[in-house]
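Letters A, B and C name the chains as they come in the text, with residue numbers starting at 1 for each one.
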Amino acid sequence: MLHLVLFLVFALGCVAGAVNLLAQRHPIDSALSLVVVMGSLAGEYLLLGAEFVAAIQVIVYAGAIMVLFVFVIMLLNAGVEERTPGSRVALLLGVPGMLIGSALVVWLLLERSPTPAVAAGALPGPPQTIAWLLFHDYLLPFEVTSILVLIAIMGAVVLASPPATTKKES
Amino acid sequence: MNITQFILVAVVKIVLAIWLLLTAVAYTVWLERKLVGHIQNRWGPTRVGPFGLLQPLADGMKFIFKEDLTPPHVNKPLYIAAPMISLVFALTSIALIPVGGWVRVAGVNTPLEITEVNMGLLIILGITSLGVYGVALAGWSSNSKYSLLGGLRASAQMVSYEVALGLSLVGVLILAGSFNLREIVDAQSGTFWGVIPRWYIFRWPPQIVGFLIYLTAAYAETNRLPFDLPEAETELVAGYHTEYSSMKFAMFFMAEYANMITVACLASLLFLGGWHGPVAGPAIVRAVLPVFWFGLRVFGFLFLYIWVRGTLPRFRYDQLMAFGWKFLLPLAIANVIVTALIVALRS
Amino acid sequence: MVPLSCYLVLSGTLFACGVVGFLIKRNIITIFMSIELMLNGANLSFVAFAAQWKALSGQIFVFFVMVVAAAEAAVGLAIIIAIFRTRETLNVDRVNLLKL
């Protein structure tokens, strides 16, 4: 019972945040709604027992990636977005289509393919086991992603550094 | 323990912890004014009460009775939310910090912290990393250039130093093998040859490098001198809280000092053995002494904070960023690698 | 006890909101955030399936998704800054020439 109530509370937070992201015209309001979505998702992860994932979700997603977004919005002083004909077409065709599609998926999931119930804290993910998997079974993907991050850092530095430095060289 | 007892114990602990924290915040401000005064050859507060000891009370009264100005052209919802976000996250993290072992009061066994969580350290890091939003939103919603510059500087600085801060703790985590703060502290009990305490800064491999990185990064995380660029008053008026007055300003102020206390608590728990120290005497003294030793360490860190503030000049912003990314971060990674290598070779 | 399908429906809803945002939003930063929302929706199904099949690999994949999202955010925001520097707009409809 408590599990269901907690699930519904966090799910409400997620959906409200996601809808607010779409409804808000200013990017900073959208960014804050996304932070709410990520915080509520961390709650859902805790319900599923994935405590380490929940902690990392808050630290990395809410605490680092979204701060980066807010930082860029502040830096570029982004204003309210303007609507264009393209977005109206997308609004008229896309939203009904998406609603029909997701209703279909919901119906399929809830009615046609009964799934077993998941207990609260169904699969605890202690850091020791996750570390073993990450550095033993998934070592190669781990190393590849670390190279990916390195490339991303260098790319970001090159892209974001002002072009004035290249002028000085030439 | 039945449910009423549980709720009662929880409420008592929450009230005690918040009361202790807010008193500590108030008297850290007094200590800072007094110490910086003496460092600068002045007296500091002397008028209100003996040694100015009632000054925090007077300050609080002043903040409450000041007019709460909301400048025009601000983004009102965010302008009001920003100080609350700052203060809430600063106060929440104290819930996970243990200040002593288990105690038995009126037949109830309870740990000396609001709640014991397995992932305590990670959750504290997560909560403190959310505190950036308060500062960034304050800077943005004030719609003033000084605030915006302060907010931008703050968010960039806090995100940068958070990386070094997190990595400096990894050495201790490798040695302790746990995220649970209580287990980390209990691994540091006892002494070597009866003299040197088994704190992580004295262990092999020594975590003294990690400790120094943590200390430096913590100064930047809490926006204190020599890294107080977000509120550098000589260039930015007051940085992100330029447009705030009355209790809203006081909330930022309290959040800064509460964060200082959290960081000091973490430093003593992770590197300096938490509440462990010589314990002797009757039962009541035995129960109180660990908390006293813990408080003494936290006081030492706060003293160091204020001492550094009174001594060092401010960094330039590019120096701050270069220092964080080009010096502290590689050093922290080197510390992790060396510690991991030594532990791996030893086992 | 909550049926697994509830988690999947929530995950699908978040993903759908991300898709809608991607389509109707015209601010390049908000479009970027919609992508993050889709990734988050996918992450939830990973964790939910991990709980159902009692396999921790599902949780490991969330870490990889997070790392990729972080890398993507860093590069993407750098590109946004570079575009803003030359075009002085964040509206994707105004960035319709294949040159700077």
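The rule we apply is simple: a residue touches a chain if its C-beta (ideal position, glycine included) is under 8 Å from a C-beta of that chain, and two chains touch if they have at least 3 such contacts.
Keep in mind it's a predicted model, so treat the numbers as computed, not measured.
Treating touching as the only link between chains, describe the layout with one word: line, ring, star, complete or other.
Contact pattern: an open line, chains touching in sequence.
Looking at every pair of chains, which has the largest contact count?
Comparing chain pairs, contacts are most numerous for A-C.
Report the inter-chain centroid distance for chain A and chain C in whole angstrom, where each centroid is the mean of the CA atoms.
That gives a centre separation of 5 Å.
Between chain A and chain B, what distance separates the C-alpha centroids? Give it in angstrom.
Computed value for the inter-centroid distance: 29 Å.
Which integer distance in Å separates the CA centroid of chain B from that of chain C?
Centres of chain B and chain C (C-alpha means) sit 33 Å apart.
If you look at chain B, which of its residues touch at least two other chains?
Within chain B, no residue contacts more than one other chain.
For chain C, which residues are shared contacts with two or more other chains?
Chain C, residues with two or more chain partners: not present.
Can you list every residue of chain A that touches 2 or more other chains, as numbers and ranges?
Within chain A, residues 52, 56, 64, 68, 73, 75 contact more than one other chain.
Along chain A, where are the residues that touch chain C in the complex?
3-4, 7, 11, 14-15, 18-19, 21-22, 27, 30-31, 34, 37-38, 41, 44-45, 47-50, 52-53, 56-57, 60-61, 64-65, 68-69, 72-73, 75-76, 78, 81-84, 86-87, 90-91, 94-95, 98, 101-102, 105-106, 109-110, 113-120, 122-123, 125, 129-130, 133-134, 137-138, 141, 145, 148-149, 151-153, 155-160, 162-163
Given the complex with chain A, which residues does chain B contribute to the contact?
My answer: residues 78, 118-119, 122-123, 125-127, 129-130, 132-133, 136-137, 139-140, 148, 151-152, 155-156, 158-159, 162, 166, 177, 179.
For the complex, give me every residue of chain A touching chain B.
Its residues touching chain B are 28, 32, 35, 51-52, 55-56, 58-59, 62-64, 67-68, 70-71, 73-75, 77, 127-128.
Okay, in this complex, where on chain C does chain A touch?
1-10, 12-14, 16-21, 23-27, 29-30, 32-34, 36-37, 40, 43-44, 47-48, 50-52, 54, 56-57, 59-60, 62-64, 66-75, 77-82, 84-85, 90-91, 93
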